[in-house]
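See the structures that follow.
Shared chain: subunit A. Partners: subunit B in the first complex, subunit C in the second.
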Partner chain A sequence: MVNQKFTSSPKTEKLQLSRLQQGWLVLALSVTCLPIWFYVPIWVAIFCLVPISWRLRVLWKGGAQLSRKVTAGLAVLASAFVLWQWYPPIGLEPMSTLLIICCALKFLEMRVIREARTVLYLCYFIAAIQLIYEQTVFHFLLAVLSIILTLTAQNMAERDPWQQYSFKSFSLFPLKSVGWIALVSIPLTIIIFLFAPRVPSFWVVPVSEDQAVSGISDTMSPGSIGELARSSKLAFRVGFEDEVPPRRSLYWRALVLSDYDGQAWTNRENFMTIQDGGRTHFPGSNRPAPEWLDEILYEGQPLEDDVYQEPTSQHWLFALAAPTSQENGLGMTKGLRLVSRQPITQRVKYSVTSYPDYRMTGDVLDYRDRYRNLHLPDEFNPRTRELAESWASQGLSPDQLVSRLFSLFRSEHTYTLNPGAFGTDSIDEFMFDRTRGFCEHFAQATVFLLRAAGVPARIVSGYQGGELNADGNYLMVYQYDAHAWAEYWVEGRGWVHADPTTAVSPERIEMGAREILKEDPDFLADDVFSLARMQDINWLNWLRLRMDSVNYLWVSWILGYDNEQQFDLWQGLFGDLSIKRLMIILSVLAVLIMGAIGFNLWWISEERKRPRTQRQFDQFRSELLKAGVDLEPGFTPSRLAEQSRGQNPNHDSRIDALCQLFEQHFYAGVDNRQKINALLKKKS
Partner chain B sequence: MPNQLEAAVEQVSRVLLGKNHAVRLAVACMVARGHLLIEDLPGLGKTTLAQALGRVTGLDYKRVQFTSDMLPADLTGFSMFDKESGKFQFQEGPIFCQFLLADEINRCSPKTQSALLEAMEERQVSVDGESRKLPEPFFVIATQNPHSLAGTFPLPESQLDRFLMRISLGYPDAAAEREILEGRNPRENISEIEQVLLAEHLLTLQEAVSQVKASDVVMDYLQRLIKATRESGLFVHGISPRGGLALMQASKAWAMLEGRDYLSPDDVQAVVAPVFSHRLNSRTSGGQTSVVEIEQWVETIDILAS
Partner chain C sequence: MISSARQSFRERLEKWLERRQPETVREVFSQHNLYIFPSMQFVGFLVVTIMMWLAGTNYENNLVLALTFFMLAIFVSTIFRTHANLSGLEISVTGCDRAFAGDKLTIHLNVENPTKHDRLGIVLQWTDANPVSLDVPAKSTVQTEVRLQTQRRGWLNPGRLRVETTYPLGILRAWSWPRLQLNALVYPKPMPAEPTAGEQSEGGEGQSHKRGIDDFGGLSEWQPGVSPQRIAWKQYSAGRGLLEKTFEAQTLNPEWLDWENYAGLGTEQRLSALCAKIIEMEELGQHYGLRLPGQVFPPAQGEMHMHRLLSALAIYGLDENPEGDEDG
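Right after this comes the complex of A and B.
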């Protein structure tokens, strides 16, 4: 008599997930985990693919569930793998890996809705985690897609478990309703984004060092800048207030390297408070300005720019000479650079005002600076030293020395990305034997020769040039734009800029590294499929520039939206902000938002659409309930009267009459609203 | 008109002691043009109720005791050769009546059952390729004993659906029991029952049922009830549209019995259990839902809002 299908245990039957619901879950999980696979080891991806494909197989062909023993075994195995990969397992990668594995294994053993919920909540979490790794607009859109798909899967999973959803009943309807929910939430998101206080993060995600350190380092040896030409990763973007200066003047200073041990050039100053031979000036700190600040005359037309720097885990920033900045935590060094008190572990934005026409009084180079910038270890590069001494003995001024050296470079040397490895006397080898080199070879040869001739000199490293994106009037500076050049000291003029690369390969400076190097096999060797390689294909290049300008807008307006911009916005909207005024505005805003939410809740409520008498009847029922009458929603007016008669000590004819009136109103079509109103008022 | 119905109920209640509600349901069922299934143990008054009803309404009453060797023709009738006229003459079976008591319907073979049930639904029978209309009004009370199932053919769900209501009489209460024990045999009293209705009256009353007004509010309530059977998860299957129609028809009949010209949720609640209980299977027990189960469930459905 009874359908046998339904006589199985009702408890498990009740919560079983249908195939369509599982299908949505598979989709949500796959899309959510997709981006994070780029940041975790390959075995994690394999570990996740197995459960998903198993689930797909069960979906398509049917089949038994895995036993709990198998999943437990897999969990142990995965934990062992994590320990093997990272010990101790602290940091972002092991934790996100564990999370993904948990999610995948839960998915594998999932059969009921309760377990599906765990998977879904983990999906939301994973969608957010991938934004810790990358915050581009594309990653953001991917996260939004993941969340919408997860919401849809949840929408499906929480539907009537009695209904057997099959693939035949597939429709995009749940996606539509979730999309609608997402759409409705956008205004609130915008308001919160614009007006909620920007709280700095309470913790810093530890990023493993090998991954985060990228870009130029504080040690330069022959070949180290050439290494960077293999990468097309973005180093930073710069937005300009006005016109972008010509490429030849774009020397982005990052480091000043004065210490030379015969092989490598370094900066031995370990503390950010003392850099380039002087105390770093942090504007806003209450220490007096260092003396060297008086030796630099910030003159001429200032250049305003905003730098959006990718994380480097280092302290140095990128700026044109002579930079000034009012940002908190940023310091100006004696070497005309900017440094940050905290290492740059996240993308940062800072505003810089540079004075390209600055002057230095250049009166005295104190003895420690002089020693440091003249020091050469004795044992290396005898031939270059000999040449320098012979030039010096001719009584040439520093400028004449430089121009003579540059004409030598121009006539006898070639500029190449890959001159090969050098021995211990690398400068001699470069100067006289190979006569081929990259910018760091020329720079170090220049500095060495000048020092040997008795002129204080130092290496400056950083980036040169950058690609203009006309869409947003900003520059994109890539790792392959890394550059090194020289500076030498002239009495009365201070440190003078000298870039030997302009002598040997002016195209590098005028047209940029990419134009010169694109034929070189080592150029961008690490990014084989980089779009930067394909700039000659017009439409691809167009696409690349558009994509980057979207990202730039994203970085400057969304990610770069900080307390300062918020404050500006507020000021623009409400004028000057006193505390009192701020409080009033905040309270008004809070009331408005709450009011809007409340109004919306009321507007969409079923309650609003019900006739008044029905609401009155509900009130009447709750009145009886308060009087101690046991009620069920299904009680009819006459039953209410009966129940009240039995249980309500204050029962009177009014209640009987009301019950009768309500019944007549609702069912007999009698218009007795006035009587009902009158009787209801009588009580209150 | 309702006074006549009241009188009919009163007359029947005279012989079926303490069973006023069951009697009212039976009368409502009859007025709603439905058929009634009584499920009970022997000796609880099923036959008495049927006989009394037949007498009080003045309908042409017949009783058929169903047995396992019964054939459809025993019910519907057959053609016999008449020597005198030299023609086949149709001999009407017992089903050609206005009020049929089909006793122990689950004792006969499915073939015979379906002949009866078809007749109930179509209000006509087909014999020798010729369909013959049954008299109007046509009302069937079928009884079955739910407990001794050996050698029976339980009615399938699709057949149960043909009955507007299913009721059981149950044991009488103490006072009624006493009266019975004191020697007043109800069957002997049947002859004392007065006929208060005519067949034509009944037809008019049946017509009048559809005149009962149903406001939007109560229609919403009916729909909510029907929807809830499909979505609440308490039942294996929801109520079919025919089941929903049955509920409305029965409720209206009850409203008329109550002397009202409009439908109120009270009427719906009075008949919902007998109308739904044989149409729904409980998910927890697996079997048909009990009256108590349905009455408790109905209390959870708000009469005004979802």
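Right after this comes the complex of A and C.
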């Protein structure tokens, strides 16, 4: 079949876009920008939808395009809006907002293929940026889909735009050809992902810290932990190297609240880390180790775990007592916590080695700590203060004070999620009037009473327990597992753990918050349809656990893949890695890859498909050429012999015979391949 | 300095290309004569990939890094796809039109795709000419033409044809530089001019014998370029050699266009004037002959005659001659 086709073409770059090309662009752009609209202000979405719908209208119905002046005006307006919303415009949100607006405006004004490419390149970047906000399997697949659609739109831009495509001729063919490229790229992507070295961050990433994320806060007022019991959101997951420790020892420390103003308890350790660096030790940094580090004896059997934390926008991390970590950018504080230099704005993974049997030398509490952990504002809670003073006057030791208080709680108090609102003397009210409270009320009362009796004490907040997912030997810790407990100072022993909740409601610690609270109307009140509410329906629970273990695999294998795991993989594959060995492996890999490419080229080459005799003849011909014979393409074998006879000093009967055989083969259809082979082998 | 360096680079490149892709009537593209390199668009692609990598590294986000690596892998597979889009295609010249200097000359090309896959976005371009873009479906041949701007008379040598593709993604360009054998002859630009001498020959009763097709006049020595109908085959078979039958024209006065008539003009002006005259005579339906220094074309009439004469003008004084014969 012969097609007749005449095209005279101006330069490709200046070509108008066809409708089909624009259609694919609209599709790519819409899918790419879909997820990010949830993270930018609503006006951005409106701002972007207007150009897109205008363009669609032009596409569908025809009509004039907007003049460039209008687009320029819109750009100025958008920049003003961005400045109004974020000043200074640093950080992820203003950046992604600007990107989307650029993309939408460029889309509005684009006329030729070159401008369309700008939109496409912005699309690739937006597809990647949205993964900084969310890292679920779903979002990742969506990003891959966006990239494939954008590639398709780019592929369409390479097609002949002079063909009058219409929507009727829409086909999925371009998607197929791009899909093929994408499919072939997957193995290489995996190899690069596994072996490409990871580089640490180049500069401090600006992030907005006021992002509202539910979770424990560094200021605790009565009822703030109870609020969290309304939520079944995941706080973090923990994978263990070995057996999961019993639930009663799982106290995930996040904050140490020492400062008390009569109403709220505050953690100031974070601010002090930044100012003097004294209370936080970053193992990787070149500062000398602080003195307090010597007071903590990291002893006994270490417990290793990997924490996969959901974003909190905060600096604190979650770890069992006496945590240490060698991760870059992670520090240990004097309050036996782990903190991160960077706020946790996206899901992170960190490895922790905890020493549950740690000891403290406990000889000195420096004057500043002593003051902060004894300080009570004078005017509040006179009745509790009176009780404490009377107990202290009996000469009780701190341990005796605690056990007496706990037996008081056991006999007279009730553990409940929602004890109602308290007045200014909240601790008095809780101790003597209502006698009902949640963990933070008990912890606050304990610390208050101990301080009033002259014992330094502080509140520790974090999470307690967690749900075991046997599939993956890991724990899921939810917001409703939030907890607060107390610590008091004993000369010679250091800070001693005391959880008043164990006294009033030991089941909370043994069985977990969910088991105790599930009948409470306020429990998970914010997540009416949460699967966590329906754990008693067996198959639903089974489904929930399976889904979470898939997520856990995703989180631990893809999101948590780091230099350490890369090194483990190398070691697992190639044993101990010496430079020499590395070079050998790399050369073998290079040779294999080049070989594969070469084979592929040979396999698809036309050369391979030509008959062998033809190739032999060509080679024979080129040998004659080298010998100085003047040959034209298309000479027959007999003409070849003739020419060689005249010009080749080495001409012999073999050449004549070969030419004759070739002539017979090509023109008379004689099958004399064996003779030709034999004669070719016999080198004269 | 720079231009001479560039010149020497060009020469060496041409030498190297000559070894790999000598002149041919038909070029089959394979890894031996295909070249591939990132295109200008790749810069944008690279910038985006680097920005993605920076974002992934700075936010320590493995998924963004995975997408970055995906982009890299796409680039690598596109190398193969782009290369494969040209590999296996065959290109050949099917014919060249004639043109007057300064006009456009059309070259007819065949692009054949014997493979099982469609080849899209193939662009053919000779140095300055407008590119031609075409799609070649699987197992088919596409005829196309390239129009080249001509500058001066003689054999047209536009250099190497550039066959390229950036399909499927535009970030890579695969190309080849076949040197296709052309028989493209450019006639002089027709520019009428008053004869400066030999006015009297116009009258027709003069010194030169007139030859026409009407009445047989006798036999004369055969000269190249004479129509076979005029060869005296009887005499040839009798072994008297090639002779030409000449005819006395009585009713028609054959026109003699003589190089010497334009004495005083430069070579090119003379050729242009003769060219214009030939066209004029042909349009009038006249019989006309041509005398060039060392060449005589007896009078005749018809399109073939005209082309023969114009060709003689086109190559007058030029010694380079392409192999093969012109075939009008």
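One rule holds for everything that comes next: the second predicted complex is superposed on the first by the 363 of 684 C-alpha atoms of A that agree within 3 Å, B and C clash if a C-alpha of one lies under 4 Å from a C-alpha of the other, contacts with A are read in each partner's own complex, and residues count from 1 in each chain.
In this section, contacts are C-beta pairs under 8 Å (C-beta built on N, C-alpha and C of every residue); 3 or more make two chains touch, one makes a residue touch a chain.
Since this is a predicted model, take the numbers as computed values, not measurements.
Contacts of A:668 after superposition: subunit B is touched, whereas subunit C is not reached.
In the superposition on chain A, A:193 makes contact with subunit C only, not with subunit B. Within the superposed three-chain model, A:157 lies in touch with subunit C and out of touch with subunit B [touch as defined at top].
Contacts of A:617 after superposition on the shared chain: subunit B is touched, whereas subunit C is not. In the overlay built on the shared chain, the residue A:658 is in contact with neither subunit B nor subunit C. Once the two complexes are overlaid on the shared chain, A:431 sits clear of subunit B and of subunit C alike. In the superposition on chain A, A:524 contacts neither subunit B nor subunit C.
Ranking subunit B and subunit C by residues of subunit A touched puts C first. In the superposition on chain A, the residues of subunit A contacting both subunit B and subunit C are 1-3, 6-7, 10, 160, 162, 606, 633. Of all residues in subunit A, only 1-12, 117-118, 121, 124-125, 127-129, 131-132, 135, 139-140, 143-144, 147, 151, 154-155, 157-160, 162, 177-178, 181-182, 184-186, 188-189, 192-193, 196, 198-203, 205, 345-346, 348, 558-562, 597, 600-601, 604-607, 633 touch subunit C in the complex they form. Of all residues in subunit A, only 1-3, 6-7, 10, 14, 160-162, 606, 610, 614, 617-618, 632-639, 663, 666-669 touch subunit B in the complex they form. Those residues of subunit B lying in contact with subunit A across their complex are 154, 156-157, 213, 215, 217-218, 231, 233, 236, 260-266, 269, 281, 283-284, 286-288, 298-306. For subunit C in complex with subunit A, the touching residues are 24-25, 28, 30-31, 41, 44-45, 47-48, 51-52, 54-74, 76-78, 80-81, 84, 87-88, 120-121, 123, 130-135, 137, 139-145, 147, 166-170.
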